[in-house]
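There are structures below to look over.
Each of the next two complexes has chain A plus one other chain: chain B in the first, chain C in the second.
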Partner chain A sequence: MHGVEGYIYPNELELQWSVLIVLYPYLTGLVAGAFILASLERVFKVAAVKPTYRLALLTALAFLLVAPLPLQLHLGRPERSFEMYLTPHRSSAMAMFGFVYLWYLMVVLLLEIWLEYRVEIVGWSKSARGPMRWVYKALTLGSDDIGPEARAVDDKVGWIVTVIGIPSAFLLHGYVGFIFGSVKANAWWSTPLMPIVFLFSAMVSGIAAVLLLYMAAMKVKRRPIDMRCADTIAKYLFYVFLIDFSLEMLDLVHRIYEADESFRTLDFMVQTRLYVSQVVIQILLGTCLPLAILAATQIFRIGEAARRALYATAAVLTLAGIFAMRWNVVIGGQLFSKSYLGYTTYKLEFATREGLLPALALMILPFAILWVLVKLLPPWPEKQAILEPSDATIAGVKG
Partner chain B sequence: MGRPATGRGRRAAADEEACVPGKLKHAGHLIRPAVVLLLGFALFLLVRGAVVPATFGELGHYRAASLDEIRQQAPAFAGQAVCAGCHAGVTAVRASGKHRAVACEACHGPSARHAADPAAVRHAPLDVVALCAGCHEKDSAKPKWFRQVESKEHSGGAPCQSCHQPHKPEF
Partner chain C sequence: MTISRRDLLSQSGKLLILAPVAAVPAPPRRASEDAAAGYDPSRHRWAMAIDIDKCIGCGNCVRACEQENDVPAGFFRTWIERYQVSGADQEHPKVESPDGGRNGFPPSSNSNAKEFYVPKICNQCSESPCVQVCPVGATFDSPDGVVLVDQSYCLGCRYCVHACPYGCRYIHPGRHTVDKCTFCYHRITRGLTTACCEACPTGARALADLKDPRDPIHEFLRVNKVHVLKPHMATRAKVFYASLDGAVR
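And then the complex of A and B:
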């Protein structure tokens, strides 16, 4: 049979989980990673990354809003997904994840963004014209108390929300790894390391995405890139990437050493069908090369312009590498037979429900949402009128 | 002179600290997102109460009343004994062959309506090639002892019963 090699069970011929299921952990990972970067400034007081704090929060929100859509499109009956919330089954990891998702969206991310932007929102609700004025008025939730005491309260509560948010972000992405890691019938997935590897790769991809978005936004706005910020993010990216790489290698070495009954099959698969996506794209181009670039920027004295180019290159390669990692996990885990005697092929369709076209649309959508969010809640001070803190204080006291 | 004044000062400071509502005055705006969240939660509970069936969860993770509804449906299958009641001859043939464990309705389809009124409701003619291939088409996942053929090569689309007797197949 075309595309099939050796002995394969009939239900393994066609892959059930398509490129959309590759996209799902990728998008969720970007959310968790962006949030962890935001928490660096808020909780761990890394002042250098402050220019990206708000952008990281908005990026997390934009990607979080799109994260469940690949699942909806894959399952094909979006109206039924609400039933997961109405009558959740406690033994279903997906159902429980629905609540983690809602918690993260409503209690962590939206609340933190609201607290962070409250002073400006109140200012814009007074200075904006036309319908935007009403949008900002609605976003104030009817409170214009932005006096120093109220802002001190916001700051304290924002810190608490971020502290709660860190384990929530870990849970959000750790769960995605858990979903794969707990499929005990699949030797490619079934490892307790899976949630941890997913989590660290999520942090890597999220940090790389925000670094790239920050540099791109500064380029578009024709503003100088804060190199102290970019250097610090690159440094953290390097450290987290090293841990992620070590964990993945640990998993690999463990598999080679353990060499259980699945090993020869998986080894053959990596050397044949997954060679390009795993060895070339994920490991060499997507991990070793960006790690080498980031290491070089840490060791050698490199000029600003060259550093910017190197950071951008490393970030793009990292994002491609992490996508390849998701691809190799999701698609790779379905290419071999449970009999360990045969292999199938994944044929990526184009303009179908689970084809390349909807996958591209879902990949672009978070950027469109982020564009709207950045217009609505500019992460960096704009030229438009904002109430000065002193005026705001007065307004708050009067209000 | 100074001591009572200091004491009063301390008491005033303590009173001020104890004046929690005064401290919470500037946290009043936090009630608003909490109210929004609670309203959302209340709306969710309202919708849940309206759309989740009353008997859901009584017996398990499903609507208990569905059992009664299913029970009220007319059975589609007549059952082996009913078929044998009228078709005793072919039942006897089948019982001595390799298809003895295959129920009549597995091939002929649900027959309750036919059993209730045999003259008015007749079985539709069977697509024998497709029917036999459903079990006997060659597939490497099937056990080797099970009879299977590549139907195209084996018969070239000719009806199986032209060689095999379906109620008591011989090979």
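And then the complex of A and C:
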């Protein structure tokens, strides 16, 4: 049979999960990572990353809104997907994920963004013209008290939401890892390290994405990049990446040393079918190279312009590497037979329901949503309000 | 109307807490709409006995299953594998299953190897990973020990296909929902045997009722060295093999 090597069970000829399922952990990972970066400022008082706080929240929301779409598109009977919420099967990791997702979207992200922007939204609802005025009016949700007491409460509740949000973000992506890691029939997935590896790789990808988006946004807006902010984010990216890489290496070393019945099969797969995506893209280009770049920026004195270029390069490589990691988990886990006697091949189609084209569309969609969100809820004060944004806004409201 | 922020947060909080509570766990599925009227599932515990030494790899069972259950081409509710094991090399048996073994097998190429046929079928596990992972409970354990799928409820998410260690599930290309062996539930609840067992010319397969004290399964389990596939998966499989070689996966 074409693309098959050795013996696979007859029903294994068809790969079950396509590139869309690769996108799903990638998108949720970006959400969790971006939120955790935002929490650095809010909870851990890392003032240096403040310029990215709102951007990180909006990025998380944009990606979270798109995250379920690849799943929906992939289902054989998408019209029944809501049954997962109405009659969930409690022993199913996938069923429970729906509730984790909703919790994160409704309780954490939307609430935190609303509280963060509320004062400004009330201001815009009075100062904006045309249909935008009604949009902002709707966004106030009927709550237009922005007195000092109300703002203090907003701040306090926002802090509590962020504190709840950190374990929720951990839960969101750790749970995605659990969906794979708990499949005991699949030796490539089945490891208790999977949730924790997913979690740290999520943080890595989310931090890299926000760093890149921040630098790109500043370039578009022709504003200077706050290098203290970029340096701090790069430092955190480096540390989290080190932990992530160590965990992945721990998994690898453990598999090699233990060498259980699946080892020869998986080893052969990594050295053949997954060589480019795993060894070259994920490990060498997507992990070792960005780690080396980030380490260099920590060790050597490098000029600002060069640092900016290095950060951008490291972030792009990191995002490619984490995508490759998701690919290797999802697709790699299906390339070998559960008989451990053979291998199959994944053929990425183009303009089909689960092909490259919808995958690209789903990858672009969060950026389109983010663009709208940034227009609707600007993360940075406009030039005339840079000095004292909140006072200026309130003055506008009162006026 | 002006809603205070306190009211808004409080109402939203209540809604969020109540929403998951309102979601009911997956309702118990019907044993099967194909079950015969008057059939009492509590009086049966279905299993299967397979004697490797008796299987000749003719493919009758595969064809009978195909016809009985309208199995789409290229997918299999049951199939046969031919194993060729050379010497002590249990790690690298040569295994074939051309078209699921439905048309039998070509003459053997290695006369020095130990050769035997292994019929495969859903193991109707008592601790089924497929039942565990189904997000809506569309795959379920019937009270008589058969793992069934409610086709009107399955989402086609394919999680169960991954969870099955034996490769027994597939997505039906017409229905876009999961499909698998049901032990011919529509037949066995009417007192018949499965299509594959009926078609087997050598009696290599036999449907068994573990709750029936007169069923030959008890003798089969007593006199044979019996194994299940992949026992380390701890699925408590109910397809019992006599003379199963250690090389079989």
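We take it that the second predicted complex is superposed on the first by the 380 of 399 C-alpha atoms of A that agree within 3 Å, B and C clash if a C-alpha of one lies under 4 Å from a C-alpha of the other, contacts with A are read in each partner's own complex, and residues count from 1 in each chain.
The definition used in the following text is that contacts are C-beta pairs under 8 Å (C-beta built on N, C-alpha and C of every residue); 3 or more make two chains touch, one makes a residue touch a chain.
Quick caveat: nothing in here was measured; it's all calculated off a predicted structure.
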item: Fit or clash between chain C and chain B when superposed on chain A; value: clash
item: Contacts of A:Tyr9 with chain B and chain C, given as first, second, both or neither; value: both
item: Touched partner set for A:Trp371, first chain B, second chain C, both or neither; value: neither
item: Touching partner for A:Tyr275 - first (chain B), second (chain C), both, neither; value: neither
item: Touched partner set for A:Glu149, first chain B, second chain C, both or neither; value: first
item: Which of chain B and chain C A:Val183 touches, first, second, both or neither; value: second
item: First (chain B), second (chain C), both or neither touched by A:Tyr85; value: both
item: Greater chain A contact set [chain C / chain B]; value: C
item: First, second, both or neither for A:Val157, with chain B first and chain C second; value: both
item: First (chain B), second (chain C), both or neither touched by A:Met106; value: both
item: Colliding region between chain C and chain B, picked from 3-11, 75-83, 111-119 or 129-137 after the shared-chain fit; value: 129-137
item: Doubly contacted chain A residues - partners chain C and chain B; value: 7, 9-10, 85-87, 89, 106-107, 111, 118, 141-143, 145, 150, 153, 157
item: Chain A residues touching chain C - in the complex, by the definition given at the top; value: 7-14, 16-17, 71, 74-78, 80-81, 83-95, 98-99, 102-103, 106-107, 111, 118, 141-145, 150, 153-154, 157, 179, 183-186, 264, 333-334, 337-341
item: Residues of chain B touching chain A in the complex; value: 25-30, 32-33, 36-37, 40, 44, 47-48, 51-52, 56-57, 61, 139-141
item: Residue ranges of chain C in contact with chain A within the complex; value: 1-5, 8-9, 12, 16, 19-20, 23-27, 74-76, 79, 81, 91-97, 99-100, 120, 129, 131-137, 153-159, 161-171, 175-178, 233, 249
item: Partner chain B, residues of chain A touching it in the complex; value: 7, 9-10, 85-87, 89, 106-107, 111, 114, 118, 141-143, 145, 147, 149-150, 152-153, 157
